[in-house]
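Note that chain A is present in both complexes that follow, paired respectively with chain B and with chain C.
Entry: the complex of A and B
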């Protein structure tokens, strides 16, 4: 039985076991975020109008400056322009795309703030700040951010 | 305001992985070193505050068991923040300002290594519109770096200089994890990791712990020759959505630095918690540091970046240099969240 006693200084003999941890919360999305998610299901993108007139996407429930409730929704997109990007050479299993892709912040037409997405592109060389992109919708949509399967460059606009 | 000083600082060696010790065992040397330096035990401490996160430990209320590292018996006054230990220090500073106690122990620790750290950190993002995309912390930092480059404020070569200098300075830091003397050109010759970031632009994954003892007025003077007085401390937060921020600046850092009174005197050194190379350039501008300020003589977060701990270490590094006479006045910065979302700025000063 003494065999089970391990020497703590020898790294190779440390007992270990996998630990899978999840935080399976459910959230109520409310009238603003809920409208955004419902819009995704219908292939419509919406933002909220802030007190200073800016259109925020995804919609903010509260004014970023004053903190007051925001209630006015505005349709935006579906196309937009890349405001910044990063090229992932080795996608993670949890990422939406299996091949190398670009994270982008995309400012949709009619919006004043950009949102995050994954851009499918053949190489890093065709991605550029300012390039136009459009969403590719998932075949089955359920009112979730993943209803946008990914983004692609608008043809003829590749840098 | 009551005079409050950092009177001791200790940290464990920064290591990629510490599998042979549990959190309590990893933390104990830092706590006991910090107390021993000023000839104190936990019985001499009025308030204890810690910073750590359950998301790394994979256990709810994990900080409760880590209290064993201080030996909380008979029962002690303590608190915990689910943030970097720099924010725990802020809470302890507020508690000391109330005047009921004269001493406080602050500690922070993290085993960053057991999980897939960049993916664990996605859990701090907006859970509905961003979190499900699993945008890892390195990718988000890369988006920020691209913004900065596009703005014309910095180049990849500027970032490379930060990388080379930080790892070279770390050669003088026996606790550092990554330390070497390689040129900026060598760094630029390496492949992109997540473009425009190269591996060298990113911090290491670090397991480690640190502890600080704070003391008020005459207690501080009785314990050390040159206390590092906290002359200003402030923390601010930017919106969670990256799209609501100009990623090329750090507005929350700028406000915190202004409120902490950075500009009220000459700054000799600054320890900036910039996990990614380009973030040092953003922070330097936000705090208003001139080229004559020695930035990150310890090597900074590019040399060792234990989660929840690296911000507290910045305060300790500045305090140590003030207490040993290397500097008279310094700035310590701590950050948390994606792309410098939350920021804390401390101004420390020694007696003339």
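Entry: the complex of A and C
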């Protein structure tokens, strides 16, 4: 059956619509990353002790020099020091903070490597390398990096 | 697995073993000319295909070009809302984002007048009774709910007509469906044309082409 063979007429407005592709991945953590995430849920920050005595945060599963398994986890922080930072003037919809904020690398007390975080601050003028920060924990925590809602400057230490 | 030494604060709590890591990609999909024409046809409960010339294949849904001829497809053709199941898959696993009750059947349906199958659901028949060659018809949403999406057709259901014993797959003069097995003998490489080499499917090899 071939009805109504026609030459094309004007189509008018071309259609468009939102298309959201979502992959609901879930991954197993292993004992090291699992311990780090367990710590976040319990408001405890941990790192792994490398063979040369340095403390790596977030914890590494393998020694960065020898490649051997790392098995000793130690508590660090919860405060730390900004080692470097970048101000975000226009946060993306998927960023944790709606207002302008700073990405910071924070070296926690007792740690030898810095980790990434989002610093809530009123303006970029108060953010400085060397400033002390502390985590603000999410009210509902499940063992996820988002259990740290964001970081803030430690009172009285704003540059 | 090596023994892990935990700080005292984590020694007696339930350990985290898995973590959510969803990935979400937000696109704006622009349908383009050919698909816009198809979807606007859907809003009038018409299924519109396209062809390059009056004798060439009718593509549903069309993408604006005939890939065999390398030609644009400016001719619009309304095809039937009944067709033949050319292949199907019974889905027995529930997966994320699917509201379907399992088991259900997803099928390729060659609409009468079309030369390309569309994929859609088969309902109103138990999944284990769906078969190649079965004749099916479109079941539309209520008129008030018709939108420019193929989901405006809720599913296809059996028409009750006898099966099409000459069911074919697109691009073949003679298909591999059960109904087209001459004398019940399964097709072979010699009787079905190889689309890359052009071999097979000829009378010389017992085919019909």
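To be clear about the criterion, the second predicted complex is superposed on the first by the 138 of 159 C-alpha atoms of A that agree within 3 Å, B and C clash if a C-alpha of one lies under 4 Å from a C-alpha of the other, contacts with A are read in each partner's own complex, and residues count from 1 in each chain.
Everything below uses one rule, namely that a residue touches a chain if its C-beta (ideal position, glycine included) is under 8 Å from a C-beta of that chain, and two chains touch if they have at least 3 such contacts.
Treat the numbers as computed from the prediction; the structure is a model and nothing was measured.
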item: Which superposed partner A:53 touches (first chain B, second chain C, both, neither); value: neither
item: Partner chain in contact with A:25 - chain B first, chain C second, else both or neither; value: both
item: Which of chain B and chain C A:14 touches, first, second, both or neither; value: both
item: Chain B versus chain C as contact partner of A:37, first or second or both or neither; value: both
item: Partner chain(s) touched by A:143 [first = chain B, second = chain C, both, neither]; value: second
item: Partner chain in contact with A:75 - chain B first, chain C second, else both or neither; value: second
item: Partner chain in contact with A:67 - chain B first, chain C second, else both or neither; value: neither
item: Overlapping contact positions on chain A, where the chain C interface meets the chain B interface; value: 8, 11, 14, 16, 19, 21, 23, 25, 27, 29, 33, 37, 144
item: Residues of chain A touching chain C in the complex; value: 1-8, 11-29, 31-35, 37-39, 41-42, 44, 46, 69, 71-75, 143-144
item: Chain A-facing residues of chain C, complex; value: 1-7, 9-10, 13-33, 35-37, 39-40, 54, 58, 74-80, 96-97, 112-113, 148
item: Residue numbers on chain A that touch chain B, as the complex places them; value: 8-9, 11, 14, 16, 19, 21, 23, 25, 27, 29, 33, 36-37, 56-58, 60, 64, 83-89, 92, 94-96, 103, 105, 107, 113-118, 124, 129, 144-146
item: Chain B residues within the chain A interface of the complex; value: 19-21, 58, 114, 116, 119, 123, 127-130, 132-136, 139-140, 142-147, 150, 192-197, 239, 241-244, 247
